[in-house]
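Order as written gives the chain letters A, B, C, D and E; numbering starts at 1 within each chain.
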């Protein structure tokens, strides 16, 4: 094959990890929400898109990118809180199908509202000045902004890990995901925890959208494909498992990049083939709990 | 201290508790006995606020609790140890204990309280940093009890704490109950092991088919072979 | 047909018209379908409703009656459409052979997917069927020689059909409607019989209590697989009818959005009821058609309808109607 | 393995391990044809695990299970029903949204036809009659058209037994059939079990020891996953080990 | 002109009653009174990612309708546009086309934006002998399998655009070429067009990398392209795929290493993706408004468009709709009838210059033979944000640049 070298494979691997880090950002939110609330959030892609648009709007009124990094997840997360409180909370205890369908419908609404407000055509989002250009990573040049995205993802992961492992709220979330009733009888208002977790997941999705905006621009439909990919990641990693979401996200990224190297047109099917194979061997995914939801 | 009046509860359409009334006084050990399905578990779940649909009245130290969510009842000083030792197996022993304090005002003294608990439960002290799943059933049950006690509740409700546990540990557990009582903790106990339970109980209520059918002191019931045979026969 | 076929029947004392309606549901449905095109804005939409209604019925056999949520039914629907189309375009088979083999193809595709997927259940079943159907989507997408790939398969043209010497102009919209309706009515009748048969009881019992069914001596996996294959046959038939109705097979039929669509239709109409999915398909398509004439923002309305339905009418439209009638 | 006509079911040193926890250790027992054998033991003794091995709900980790001389270790659950083994569950386990009659009819149908998808159910008069006869036997004839989910607890347990009988088993396995029943219900259930045992072999798992003493031909006592004792009710009553862990509770 | 949407709605409401009168299958097609309007069905993807292009298509088509009606129509018969949302879905488009033909009894169909949709519409129209003028790109529609006498193709096809761009680029920027291609018919048709054009220049194809359609990330493909070190990168994809590919190629610093060309650059796409991503990219187009200072008909069309739509300028896909509607109406006018059999020869006979210079439909495949503009993206001047391209060359209309009728399977 023309131009195949060790450097290229290294660069390719790196590109895969960078790509995977965007998947991870979406998948941890999905997984967190599923693990805690057993809600399969079909609107997650819409929240991702919303993050990109909120960022676009903030940038257009002169807010700088670094402030957006904080403001966007807060705004999108806040919207997530409102959604949980008004639409999803009435559905707890009614099985997995109803929240799934509701969020499916909700995603239509969000996307259409964005079309009404921002128009149907997309907008470009410039890469922040400080993050333009490419840097040498040893095996070749790689866009600085993508390194930045990887860095932010890593930071979020570390932050989330510290939050879950070291704080009181983290302890509540870890325990609540396994046994909500116990947490309730130990004095925790579990509905508030669910509310916060949903908001947190949506906020991270919104941040993902903001980070993706300079990579691909923004359009109302941008949440669709990434949602499908994030679902694959969540399922392969094991629904509800954060560790699984991280590993599977990176794995899917690498699988895509390696397929891209050898059979690029198969890159998309490779994701689903991977998912089919993993699920047939291990139906609950890497770190999922067997028998869940069955 | 705790007064339950005409408590009714439903699972879906089936009416599983009918006009249950009972009282627990400060410093007492009160026991609920009866066959499987008699409504013992449902009664304490209703008191704790874990049933979807209830009616009647549950007052604790003068506060009406019915209709309040479980976490508020905890804040009033109620603690509940469910059956089947529901500890969180993925967490360590210490984390499980910390979980008992997450919404207690005592959490500022967390380290101190964990040390104190470790003294009371020496079996847990050795394995504070092990994952809870590595412990035996009896040790897990001890942990579940310790977790409920660490926040210094006024009333502890335990659902079949001796189920499936080695006799040695059961003895240890019942000694603990008596010590707790001596220390001023009030206990509401659901137990299959009738003789053992009645041995420590000040008073006991017998439930059958969702209603209270008999009420007497522990000693009196222990002596009443007919009631035992009729409602608790093994 | 006995009242055993429909659960809701048992909650009701047999009474007058309702009971009659239940016993002769296929007949009544057939009568309704005869006048149906008069109630719909245009015939091609009426035909689409028939086809998607059949697709949703087939899906509901698995979801509503057996309790397995599949997210891969587009592969069954698409297989029916493509095999029918390919046999007509590339092999030159007559239309009726294409339709019948399309139905078989749906069943065969279900057998393939089912063999793998049936080992899982719950949310994982949904995900495995989704993944496998996406793989199949790409197979059909890549086989451009046969399927036309992204461009879709064109030329699935039926001009005239002759039945018992009677020559009918299939290009005529009303004729096309009644020919498709005939297939759909026969399918309804067969489905109704299956549900009323001993096997129908087995399907329900597996949904109700898998462990008990197994202990009673049913091979639950095989029951699931066979139900999946039956579901595939109905969906395949729907796909084949879609191919000859539109005279094209777009690759979009295979896409997972087509799977999601049928889930929405079934839930909207009321899963687990006989006609619910059909009603769901009709309401969905009519709504989409009407609203998209008023505004390009029709998706806002579609989304809102789903949110409202989930929040306030969880039984679905037909399910809520049945429930209201039972209460009286 | 010689076919011993007297032995209907045999386990040869079966063990069951769940993720490192040994629930059952090395149990070898012969179950006699035509007898009522009760498996007793305190909570957590492994009774239910053993029951599930006997009924084919899961395969042992090691050891073998023979039914009528045939090695049935690891056969799928549904095959057990076809061989003539039926079971009732510890937790009530019916088809809640089907009528009482349909529950039994479906169970009776299992051995005759599964994939008959053309004839109406009503055409199988034999199954309908068989179901009616069984409803009568278990005393639910007047509940024929009620949804099973709406029956009282005791009635559901009776229905389960009816469903188990529908497959005309030679071996009937009952897991705590009187759990949660009133004394009256318990008594009639015990009468029913004795009546059933006249025509088939019955294996019973029970928590309440006194209850089964009177009706059982043989008893097995499990404790901590091991076979503590085996014998006639009298043997068991006088067994010191059993007294210690089970009957005598503790001597204070 | 009445608001077609309003009248449609009213008809829908009456439909349940009115339809009863028309149930007889034998009554079809009788009621087509001569004095009735000339109805043009217009399925375009109003929803979905090409909504902006579709809206511009509607605008430009309305210009053609207005001009026709102002000129007196066809002996007093006015034209009317019936817009339908095809949702970018061939199945939906086929259903909508059936509605237009069977229910609304349209005389002609013009429209579509994606290749798959136009082929679906074409399949329906040719079976029912209704004239369809396609305004989207595809090579397949010229081929004998899909073509019918009722099929016209006003748009360019990939062979033409890729060929024109290739002929311009290969002599200027180098011979070592890599393709980044969307993995579907339209993508491969463009590559074929480039390769055909490249034969004359002895180009060396170093790689043809296929990406799945609808890709949102090209970062895993770009390093390999960089490693090949080509002179030219041909990005043979469309719409959002193209915008993202260009943006990310820019981020990877590829514009410094190679020249990036694309067979077709969309005006709306350039606006959406911004100047940075498109800067310096060379591509082809059927129309760019800036050509008006060279071509008089373009100026007239632009002015009319600006007047009707508050100073907006028409886009490339919009202008195709103008051409597509206009040619059929002029054909009908020349034929003095809307009867398809009479309109077809009249349209075939047209030699027209409506908006971009001389054009005509080739007899064998009804492909509009026309010029291709080679454009280069630039930074728009402050005072005119619509001025985004420089027209750097014009590939004049020439049948020799089309695939021959024989190759397409037609008897010449």
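Assume a contact is a pair of C-beta atoms (placed from the backbone, for glycine too) under 8 Å apart; a residue touches a chain by one contact, two chains touch by 3 or more.
Since the model is a prediction, treat every value here as computed from it, not as a measurement.
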| item | value |
| --- | --- |
| Lowest number of touching-chain links that must be crossed from subunit C to subunit E | 1 |
| Common touching chains of subunit E and subunit A | C |
| Shared interface partners, meaning chains that touch subunit A and subunit D | B, C |
| Chain at maximum distance from subunit A, centres defined as averaged CA atoms | D |
| Of all other chains, the one whose Cα centre sits farthest from subunit B | E |
| Inter-chain centre distance, subunit A versus subunit B - centres from mean C-alpha coordinates, in Å | 42 |
| Centre-of-Cα separation between subunit E and subunit D, whole angstrom | 74 |
| Centroid distance [mean C-alpha coordinates] between subunit E and subunit B, Å | 75 |
| Separation of subunit B from subunit D, taking each centre as the mean of its C-alpha atoms, in whole Å | 33 |
| Where subunit E touches two or more other chains, by residue | 47, 51 |
| Where subunit C touches two or more other chains, by residue | 299 |
| Multi-chain contact residues (two or more partners), subunit A | 115, 265, 268-269 |
| Complete list of chain pairs which touch one another | A-B, A-C, A-E, B-D, C-D, C-E |
| Subunit B partner contacts - residues on subunit A that touch it in the complex | 168, 171-172, 174-175, 178-179, 181-191 |
| Residue ranges of subunit B in contact with subunit A within the complex | 48, 50, 69-71, 74-75, 79-80, 82, 86-91, 95, 98-100, 102-104, 107, 147-148, 151 |
| Contacting residues of subunit D [partner subunit C, same complex] | 55, 57, 76-82, 86-87, 89, 93-99, 102, 105-107, 109-111, 113-122, 124, 127, 145, 147, 163-164, 166-167 |
| Residues of subunit B defined as touching subunit D within the complex | 13, 35-38, 137, 163-165, 167, 171, 192-193, 195-196, 199, 208-209, 230, 233-234 |
| Residues of subunit A defined as touching subunit E within the complex | 2-5, 7-8, 11-12, 15-16, 18-19, 22, 115, 119-124, 126-127, 133-134, 140-141, 143, 145-146, 215-217, 219, 221-222, 225-226, 256-257, 260-261, 264-265, 267-269 |
